[in-house]
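Order of writing sets the labels: A, B, C, D, E and F. Residues in every chain begin at 1.
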Amino acid sequence: MAVKVVSELTRNHIHRLAADGKRVDGRGPDEYRPLKIEKGFVGSAEGSARVHLGKTEVLVGIKMDFGEPYADSPNKGVLITAAELIPMASPDFEAGPPREKAIELARVVDRGIRQTKTVDLEKLCIEPGEKVWLLFMDMHILDYDGNLFDACSYGVLGGLSNTIVPASRLEAEDYPLEIQHQPLSVTAAKIGNAIFLDPSLQEEQVADARLTVATDENGDVRAMQKGLNGSFTFDEIKEIVDRARKAGGELRKQIVG
Amino acid sequence: MAVKVVSELTRNHIHRLAADGKRVDGRGPDEYRPLKIEKGFVGSAEGSARVHLGKTEVLVGIKMDFGEPYADSPNKGVLITAAELIPMASPDFEAGPPREKAIELARVVDRGIRQTKTVDLEKLCIEPGEKVWLLFMDMHILDYDGNLFDACSYGVLGGLSNTIVPASRLEAEDYPLEIQHQPLSVTAAKIGNAIFLDPSLQEEQVADARLTVATDENGDVRAMQKGLNGSFTFDEIKEIVDRARKAGGELRKQIVG
Amino acid sequence: MAVKVVSELTRNHIHRLAADGKRVDGRGPDEYRPLKIEKGFVGSAEGSARVHLGKTEVLVGIKMDFGEPYADSPNKGVLITAAELIPMASPDFEAGPPREKAIELARVVDRGIRQTKTVDLEKLCIEPGEKVWLLFMDMHILDYDGNLFDACSYGVLGGLSNTIVPASRLEAEDYPLEIQHQPLSVTAAKIGNAIFLDPSLQEEQVADARLTVATDENGDVRAMQKGLNGSFTFDEIKEIVDRARKAGGELRKQIVG
Amino acid sequence: MEPEVRLLDENKRRLDGRAVDELRPIKIEAGVLNRADGSAYLEWGGNKVLAAVYGPREAHPRHRQDPARALVQCRYNMAAFSVSDRKRPGPDRRSVEISKVVSEALGHVVFKEQFPRTSVDVFIEVLQAEAGTRCAGLTAAAVAMADAGIPMRDLVVSCAAGKADGTLLLDLGKEEDNLGEADLPVAIVPRTGEIVLLQMDGHLTPEELETSLKSAIDACHKIYEIQKDALRRRYAVTTEHGGAPPPPKEPETEADTPPTTEEPKPEEVEAPEPVVPETQEGE
Amino acid sequence: MEPEVRLLDENKRRLDGRAVDELRPIKIEAGVLNRADGSAYLEWGGNKVLAAVYGPREAHPRHRQDPARALVQCRYNMAAFSVSDRKRPGPDRRSVEISKVVSEALGHVVFKEQFPRTSVDVFIEVLQAEAGTRCAGLTAAAVAMADAGIPMRDLVVSCAAGKADGTLLLDLGKEEDNLGEADLPVAIVPRTGEIVLLQMDGHLTPEELETSLKSAIDACHKIYEIQKDALRRRYAVTTEHGGAPPPPKEPETEADTPPTTEEPKPEEVEAPEPVVPETQEGE
Amino acid sequence: MEPEVRLLDENKRRLDGRAVDELRPIKIEAGVLNRADGSAYLEWGGNKVLAAVYGPREAHPRHRQDPARALVQCRYNMAAFSVSDRKRPGPDRRSVEISKVVSEALGHVVFKEQFPRTSVDVFIEVLQAEAGTRCAGLTAAAVAMADAGIPMRDLVVSCAAGKADGTLLLDLGKEEDNLGEADLPVAIVPRTGEIVLLQMDGHLTPEELETSLKSAIDACHKIYEIQKDALRRRYAVTTEHGGAPPPPKEPETEADTPPTTEEPKPEEVEAPEPVVPETQEGE
């Protein structure tokens, strides 16, 4: 991906606003852009969710298939997460195998789901050591206007929450996948000394540092990822975790609600 | 592959001739370049044919091996077609994995063979669901002077027609592969308003559109592929199909004899 | 790898010295740089050796795992040799899959080990046709100052000589891998009419031709590889083989002790 | 290939109730994405397809640039979850071939000489697949190109005809495609009737081929109306997607023609009301 | 994840005898390679890590160059033999992610604007791995950068905290990492306390997170002393590795600060003697 | 490796009836392809090999260009169907190594300084393989280079010697290669006797090595005559392949020397009538 250049003018404008705690699109510091989740959009998938987060749009599809378990967890199903930053979504995305940005995205979203034990992998075991369910979570980025971590996090949780396990392939009855926890990521961007949640693309481009915090329904922390060249202070981390817990609670209602 | 540039002079010359129904090498509109087929050229292959079509030369080798059938056709052997546009054949071909031109070539030739049921894949089943014959059709382009679709089509049919199934590996006796049908492709190029069969490289480079039609020994159509940025009218398609059926009949005699 | 350029000045200087039988670092023609071998450096490997040959440093790790034998040698273990010219070791090495230089290195070192039957592969068979030991020899180049063939050859022999077969994974007892032979490569570089053993990087860069000769403990020849654009005469080959046998004998004492 | 499932009942009704010459329902919406210069979303039976267009923009890598004209480069891609058995991400050989023939077809209508050294990049994403995705993708891509204001002679529109259960059918459905005897995807330039994409596999007599081809062409003209309607709606609305749509790069001159009529061809017969003959189609 | 193995005995001693707030032994040597512009070798418990730095040198491929500043590009790599089950050579997804976050962390301290269009290339090779390799690699890389004379605000130093067997632990060992409940790798700029790397996975309450983060930061300050000591030794010796070490590209001004203090920040609190609280860490 | 099959009968006759010091039949034809600048087809026992040469032409990618001389770049490739078990298309590690040593050998005879920044691209395609393909390919490639008019000091010619069943053999056949004890491929510049390719694997005493090397060299001189004969025939005929052959880029000065003698070396001993000693060879 080529280096993204933002004009100095734009950069200065956003920074000046941020110094006053203001955002370029008028949102409050913790205010998310409008979130719209359309579950079950893809009929060919076992579960799916189309997410609009402002002008960012992602489509998550959940597919299930048979496979072998890992040798060190013979009685567990396998979770596989992939993200495609397809060139449709942005002039900066290129076709080809996933680069570091897509890999980080997939791994951070995966971490939130996996560490929260959102899905009980032991229930995805069919025959220990031999045959288990593979659960594929594919994130397709369609329109990129910033904050993919959160949009994908919501899409994956939304997709899992309407997934039907195709047990009829095993001569059983199909049944809804059970969701044990509801992890949600909240991403903050630091611009100068201001910290804003749900950064838009413009904000991301001028941000110094980024922090994604995934919390569960109890407000416990399940995954974190800091990004960009900038830094956070200890107190900023604490503050972001706190704000993430609050924001996560409200978003959770919209998504699994 | 870099963009192929032909001098405007050459282009105009060929177009002017075409406007009078004439070709740059003096051939008639439906006249093929001299076709020479040498079957059994490669001793290490189960079947093979070396084809000279004018100055174009291709070598097709047929190999057979054991493998597993596809899940959705457990009692059928598997046909695998590949084309290599090796850099030996043209200054425009590059080493490396097949690009779109090689992929299209392989897929179009494959389609002609497969759709015609040239080989009865059920006879290539050894043990249903477990073990079948894989039939590899590898097309090696050695010298490129245009019309690879047809040269490869003839090479594949020629190669299949002298293939010996190595059944002795299964404690049986080797036997010749049975050919059920004789599909042959005929390719037409449109230059201005003229349509010529068996385009040479020069003609291909200035052609507006290309149409490949594979017909069987009854003159029925089994596969088609239109190429290039230009277009055909409905009547032109009908005309080409008609000419392809006639030309195919004559070529078939030369190839399967 | 980009073309390596050495200044004409350096080139001329080294050639002038060579014309008098002298080397730029003052060594005698057959004198090796100081050799230091640290066996068992890597605890996570079944065997290992860290080799300093002058300023060249390589780390060889031996790993063992279960796998399937080749179809044509069902009762033999499998030897797998790989070299990584990681960009840490030289500004000229690039990240990515092994290029021709790394492939040649791995293949030449492998040839010396394999042809000498250093390891009795039949003893690495666990269940004929089903399960055998895979023996991985991974050569990691850490610091590149010339003569990787020899440094890696010594590292591999050193690594094998302290390898413990992890038979406890099979409910047996771990035991030291038996080394049947001690092949060692000796590499000569031809600079003008002079021939020097153990070329440094500077010497390699101005050399006309290179010859690597692997001999066993009896002085028999087990593998050879000529490199670079230059040539050798028949008599030079004979002479190098002779010098390689002598040098090999002395080096062997240092390595297997 | 003798289907055990009967694909037609005694009244020549198909599994989904369609007549032999009946298209599946088609719905197109233009201008659905924010980042792309132009976009379109299309549903066609069970197919859900998104198309986006960027350009004309500098072609890269540089050595692929054509000093005399724009490249039209299409990438057809299926989402991993768009089919029953998860598809491995990335282009397979089928996608590469489809990308090639679709690029060639779209390239015919673009005024490429106006934009040397550039590329018009077209991205087709199949989100849900159910037979006929290349026709659906190509039809959507043409609308996305118009939405992007790419100067074009006309739209391109695509439909397949085919044969299943011994009968010629229009616009094959999933089972008809899997079990059928022939598939003939076609794309045309509606104003001129020029055929810019043509593929076929299966088994057709020359007469069947002619009938099927005519049937597909006629259906293309119907679908053309749906394309134009989507573009009309796109430029009639103003704020449906949050913000006024960008004006097309070429001014729209007539209310009932797409904004692509950079070079009107008044002498050409306007697309007639298509009459679908007693034939049938599919992918 | 309820470990059947007890990771702590009744006296809160860990499997390797450490206290809950105790680091594994750490040893750093600077300037160990000949070809690289700077290098460092680090042992941290059972981890053996080598770091090398080249640059600032022309960034390539060219289109990746930043006209305004240097790139800091790290490649984290595990040797095939560094883990129990042989690792396939080449970058896997985990390595790609680690390379990214380590590059970002190191990038914070480099005076990048001084070297536009160049790249500072950092190579981390894990020769033997035993939990916490990213922290070990990043800590070694900072020393190698100083050894290379790259102008930097300060070193970067990294350590993880975590939770296993229900207890917060510093610097998780292998079993603690495999069976534990949470891992929190952290990297800081010691002079300012700025946090430049932060990842977490597992399950921590906000209070546990805060305690663990504090614990990791305190440990970083301890490790910083080991880093500085390695650099002091490097520039005190002259011929240990056969030949005098190259002078750093920026003159060293004080004996007891690393050669990286291009822009001293006297107003900042000197790293205090770290007090490790009753907490614990790990990768 | 103790062969159970006896490779020699009591009269020291080999499986195919050859004497220990006898080459398999060799046939070379120059100028067999139309597009390539030069080409050659070679049959050597059961080997069928095609070689083609393009150049000197601009080397690309650019950063590989050498400002002082031409690159000689060979790509050795085996067709998928050239061996009993189908070979996966594309270069494997063996092919990469062979391409490298063949490139180095051919590079020795080309007047590279005359064509800076260019590449002489040599393509060797093994169409049917039966032991000794690298020698066959290199021998064919030299003829193709001469056919292309590449200015060269001389041809390069290659042959292997080896050992099987305890006996030194010339030019190993398939079973001898598979079951044998040693293989020693050699390539020389015939006019000077310089050795430009030398590889060996197996087990030979120094004396056996010397004898084998001599035997391979002697055989090379015989094969050189076949090469020259092919080139003579190529330039004697005019229209066999439909059209006059292109004149070589450097004028041919003597009827019985190849068109490659750009810089005759009259002081060098003309290749003597080779005397094959009581030895044997193979790949």
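As a working rule, contacts are C-beta pairs under 8 Å (C-beta built on N, C-alpha and C of every residue); 3 or more make two chains touch, one makes a residue touch a chain.
Quick caveat: nothing in here was measured; it's all calculated off a predicted structure.
Listed by label, the chains touching subunit E and subunit F alike are C.
In this assembly, the chain whose C-alpha centre lies farthest from subunit D is C.
With centres set at the average Cα position, the gap from subunit A to subunit C is 48 Å.
Centre-to-centre separation between subunit A and subunit D, using Cα means, comes to 33 Å. Our note on geometry: subunit D versus subunit F, Cα centroid distance of 54 Å, whole angstroms.
For subunit A, no residue reaches two or more other chains under the stated contact definition. For subunit D, no residue reaches two or more other chains under the stated contact definition. By the touch criterion the chains form one closed ring, and its order from subunit C via subunit F is C, F, B, D, A, E. Looking at the complex, you find that subunit E touches subunit A at residues 63-64, 66, 93-94, 96-97, 99-101, 104, 107-108, 184, 189, 192-206, 209-210, 213-214, 217. By the touch rule above, subunit B contacts subunit D in their complex via residues 2-3, 100, 103-104, 106-107, 111, 114-116, 211, 216, 219-234, 237-238, 241-242, 245.
By the touch rule above, subunit B contacts subunit F in their complex via residues 41-45, 48, 55, 57, 59, 61-63, 65, 82, 84, 86-91, 95, 97, 136, 138, 140, 142-145.
Residue ranges on subunit E touching subunit C, taken from their complex, read 33-36, 46, 48, 50, 52, 54, 57, 75, 77, 79-86, 89-91, 121, 123, 125, 127-130, 242.
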